[in-house]
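See the structures that follow.
Each of the next two complexes has subunit A plus one more chain, namely subunit B in the first and subunit C in the second.
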Partner chain A sequence: MDILLSGLLLSGTYALIAMGLNLQYGVARIMNLANGEMLVLGGLAAFWMYTAAALSPLLTALIAAPLAFSGNWLLYRYLLLPLVRRAKTQGQLEVDSILATFGMSFALVGIMVSIHGEYFTYSYLAEPFKILGQTVALNRLVAFIVAIGIGGGLYYWLTHTYQGTAVRAVSVSTEAAGLVGINVERVSAFAFALGGAVTAVGGTLISTFITLEASVGVIFTMKALIIIIMGGVGDIRGAIVAAVILGLVETTVASVIDPGLTLVAAYVIFLAILLFRPQGLFGRRA
Partner chain B sequence: MTIGIKRRALLAGASALTLTAMTSAAFAADPIKFGVVAHLTGPLAGGEAVTHTPNIELWAAQVNARGGLKVDGGMRPVEVITYDDKTDPSEHIKAVQRLATQDKVDFMFSPYGTGFNIAAAPIYAKYDFPLVAVSAITDQQEELSKRFPNMFFTLGTTTGFVEGALDALTTLREAGSIGNTVAMVNVADAFGIELADKARPMFKEAGFEIVYDKSYPLGTPDLSPVVKGAKAAEPDAFVAWSYPPDTFALTEQAIIEDLQVNAFYTAVATAFPAFSGKFGSKIEGNLGAGGINPDTPAMQDYRAAHLEITGGEADYWASATYYASLQILEQAIEGVGTIDREATVAYIADNSFDTVIGEVSFDEQNNSMRFWSVGQWIDGVFHAVADTGMGDSVAPVAKDGWN
Partner chain C sequence: MKPAELRNLGIGAVLVALAAIFPLVNDGYWLSIATTAMMYIALSTSWSLFSGPTHLIALSTAAFFGIGGYLVGTGMSDYDTSFWSMAILAPLVATAVALLIGLATLRLSGVYFVIFTLGLAEMIRNLVSWVQNNFLGSRGLYVLTDFTEAHIYWMLLGVSVVVFLFGWWINRSRLGFALKIIGNDEEVARHVGINTAWSKVILFMSTGFFAALIGAIVAPRYSYIEPNVVFSPQLSFLVVIMALLGGTHRLWGPLVGVIPFTLAWEAISVSFPNSTTLFLGLSFLIIVYVLPDGFTGLLEKFTRRAAK
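Right after this comes the complex of A and B.
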């Protein structure tokens, strides 16, 4: 029970890390290596607002979401769209976007170092909370609830609305989506911006229980990549299911076997999925 | 093409301008150039930004306010050239090489991290730069100082580090505050593994029983299974050979799980002002790596100046020692009286220095055998409670809950 609960909470964290990149890579087809930096930027905003103005990270998340959305929209519109337009093949776009966003990640790290080069540490809701007879950290629980909210909201939006359907269409095929009258560029820009906003909100929440610093983003990018490749690129359900699997397995291994083996366990699952279902749990065969 | 050429011409013009500006300023007082390769970004940037960078800023500001260093019968200001190595050893070596050969700096400050100090030692030795290492804790002093006579150590040995923690626990046991059982965890990284390996036999020999002994990977996002496991083993004391992010995370989990131990030790970052900033009164009685004697006038002046000039509080461990390493370099340069690196190395080896952490001198293995090893948070100050050669530590007290 204890393991299940802790594992689910960790899954929430992983879902927050991965959902944004899933939108950016799955729909807008930008392999955004600066995604982790966007997450840390959210964390920096939360830290800064909390220490300077005693503002709750939950409020910061509300402020950060539209800011990150417009920032990412501008990024896509002016830095990445030219790459999309000139790319002749998907492969070329992937190489170009990896290089461009890799450079962007350094710029973002530099900006964050100049704002605050030390650890972003503060205490928010670091309190025990009793649930089903088990003690959990309240800040992790809050992050988990928000993760459910974002995940559920995204899933509903993607499957039950007209605009969401258009997004899924672009995710399946940009050409076909264009042929049926979907404005592919606008939908891609929207998905990229939304992905950035989800990631930044994730960062504000994660910063309440993980000590971040300006350069730590790459670790989150890697984790997000593993999760969306496990789950299947472009499918929000896949990212969530993969996050749950990772969270539960890591917590079980840490509690029952040895905390030192959590990374091993995570990579064994990753390898197994790559071997037996290379397109990911919910992925389509290319 | 034309644009490219124009841009290059512009750049050349600009650098020519800065060059002239620099040479004309040089006539006034040619600065002594100090180089440092810092981890401005990358995994160790957070530690560097707390412990090293502000001290270099403080020291340079203070020396220049005095008019500079006394060499060749006159005063010369100091200038610091900094490069970022992204916490990458190969970048680090390249940048050190560049400082030595391109910028032709006169002296260099020591880098952050044991591995970086050892990696940079050969180049420092090749160009005769004195390397007064601070953030380098190792048991290989003898071998290193034999190979690199220019390398000096100020913050102690791995054995001393573990002995300190053991001293604190033994004192608490003798006072009846804790029993014999210890839960020990470590970060699965060179630093954590080495300390845990050293601690196991030493703790056993001292009559402690390690009831929980686990490692966790660097960057583990959830340490609650570790703290729950430790709690289930019902230890009297908890010891973590941890790095900053896990020091914060383990402490937070211990508060959430209400881990009731009378001695709670975490390693790196416990001495950071941000640690008490984050946890407030809850960490009263927490033990950790480092500690200082906050009561000497030199330390009080230093901490006040640090706050005033850098805008931040000095940490309660290596900050003061790093500042002391700059003072050692300063006193050695002035003692020699010229910019002679070889003579400066010899001067450091043969003399004793009056620093913020007291008098520092080096033995035949270039090791300063005076350092604090364990501190304890008492009323918002991290007092040293165990040391080697300092003799001014206070006795540790039992931790009384997380309030």
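Right after this comes the complex of A and C.
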């Protein structure tokens, strides 16, 4: 029961992060391997503001979101769009964007190490809270609620608004979206920027209960990718279910066997998905 | 053999002979740099045999290299086996692991393969550390041999020669031809009856074999083996950068990338030890935006322009 609850709470933040990457990969079609670094940047901002100005990470998230949005928009516009235009095939774009975002990822880690080379340790709302007869850390609960709130809002926006529909149209087919008068490049840039902002907010939330450090980003990139592949690329419902599965399995492995084996557990899930349902949990075979 | 091939073979033989006498000229600092460079030459040439034609960025080098180093370490420390038997066993284990990974991922879209290899070294490191802490008990793995730096250098040179000959043979074989078609258009390849998945898996197994063999040979250099050292993910990225910097569409391309990069990396590690990660990132960006076909691509562009 204890495991179930903390696993569930963890998966809220995972779902939010996966949503961010889904916008970048599913819509803008950029396999962004620097996604985890964006998350760590969010965590670094939260740590910084909390230790320097005693600002609550939730307020930092409000500041970090527009900053991450503009930063990611610029990245897309000036570094990634040239690759999109240059690529002759989807495969070429994939290779180029993988290499370019590796570059960004290492450059960001390098910069963050020079800013703060140690663990981002701070303590925010680290007090017990009773819920359903169980005790959980308050920061985990708050992060979960905020993540669910943002994720829910995003889902509503995608499914119930005009702009959200345009974003989904681009994710289905760039060519068809262009034919019905959607400015594909602008929507892609917007989706990429929004994805980066969501990830950075996820980072500020996660930093309240997991101690981050500059080079840990790639682990989160891996986890977000596994969630997306498990859920099916572009499928938000699938990603949420996948995030819950990953959160529960990781928490179970960490508390029953060994905390050092969470990545191994994630890989076992990944392998099972690749072998049995490569199209994603709810996907249909192409 | 065509005259051009004979000429290339002659140039190759002279270069190998020159490389072989290097330890007699200098056996200190420069030999240690040369040994590192030789290790990367073998690793990145074997990497580009698979990743060059298929365009699949394999980030598994560190995992296989680590399997090689770790098996030598645990075999010699915990089970009293000889270095040689472990150096033979390790590449076989890595080949089997590569086979399993290849079967699981290479039948699907290329992205899955890249993602799977991205965290592979870290995952195996976690697993190995856990097994070691809980079941084997002993923490220290010592690799004590009589090898000098020159011995390791010569062994690596031997492996490099084998990798080059293997690459030359692959390029002439049906398998190499099939891979080129797969790299250009997988759909076409499938339609002309090429078993695309198997072709990729077989070549991926060869990179696993060589990386583990090199890891095993280099293990005596560390003397003390720790999972954190031999499974360092950075190695995978260094190999990718060096191969792409040189260019992967020529067999000798990676060689052209390894030598300048090893020197630059050495210089930066000594003078700015905290900026290596940043440098790694900038190298990737330079490759994508400035040198998409590497040094060899640049060279060929110039010679073509000169010919016009």
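The rule is short, and it goes like this: the second predicted complex is superposed on the first by the 261 of 286 C-alpha atoms of A that agree within 3 Å, B and C clash if a C-alpha of one lies under 4 Å from a C-alpha of the other, contacts with A are read in each partner's own complex, and residues count from 1 in each chain.
Here, contacts are C-beta pairs under 8 Å (C-beta built on N, C-alpha and C of every residue); 3 or more make two chains touch, one makes a residue touch a chain.
As the structure is a computational prediction, the values presented were derived from the model and not from experiment.
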item	value
First, second, both or neither for A:Ile210, with subunit B first and subunit C second	first
First (subunit B), second (subunit C), both or neither touched by A:Ile131	neither
First, second, both or neither for A:Phe102, with subunit B first and subunit C second	second
First, second, both or neither for A:Asp258, with subunit B first and subunit C second	both
Partner chain in contact with A:Ile219 - subunit B first, subunit C second, else both or neither	both
Touched partner set for A:Tyr267, first subunit B, second subunit C, both or neither	second
Which superposed partner A:Val113 touches (first subunit B, second subunit C, both, neither)	both
Subunit B versus subunit C as contact partner of A:Ile229, first or second or both or neither	second
First, second, both or neither for A:Leu275, with subunit B first and subunit C second	second
Subunit A positions touched by subunit B in one structure and by subunit C in the second	109-110, 113, 117, 215, 219, 258, 260, 263
Residues of subunit C defined as touching subunit A within the complex	55, 57, 104-105, 108, 110-112, 114-116, 118-120, 122-123, 126-127, 129-130, 134, 233, 237, 244, 274-285, 287-289, 292
Contact set on subunit B toward subunit A in their complex	40-43, 45-46, 49-50, 53, 86-87, 185, 188, 214-217, 219-226, 228-229, 244-245, 248-249, 252-253, 255-258, 269, 272, 274-275, 277-280
Contact set on subunit A toward subunit B in their complex	2-3, 6, 9-10, 13-14, 109-110, 113, 117-119, 121-123, 126-128, 135-137, 140, 209-211, 213-216, 219, 250-251, 254-255, 258-260, 262-263
Partner subunit C, residues of subunit A touching it in the complex	31, 33, 79, 82-83, 91-92, 94-96, 98-100, 102-111, 113-114, 117, 215, 218-219, 221-222, 225-226, 229, 258, 260-261, 263-264, 266-267, 270-271, 274-275, 278
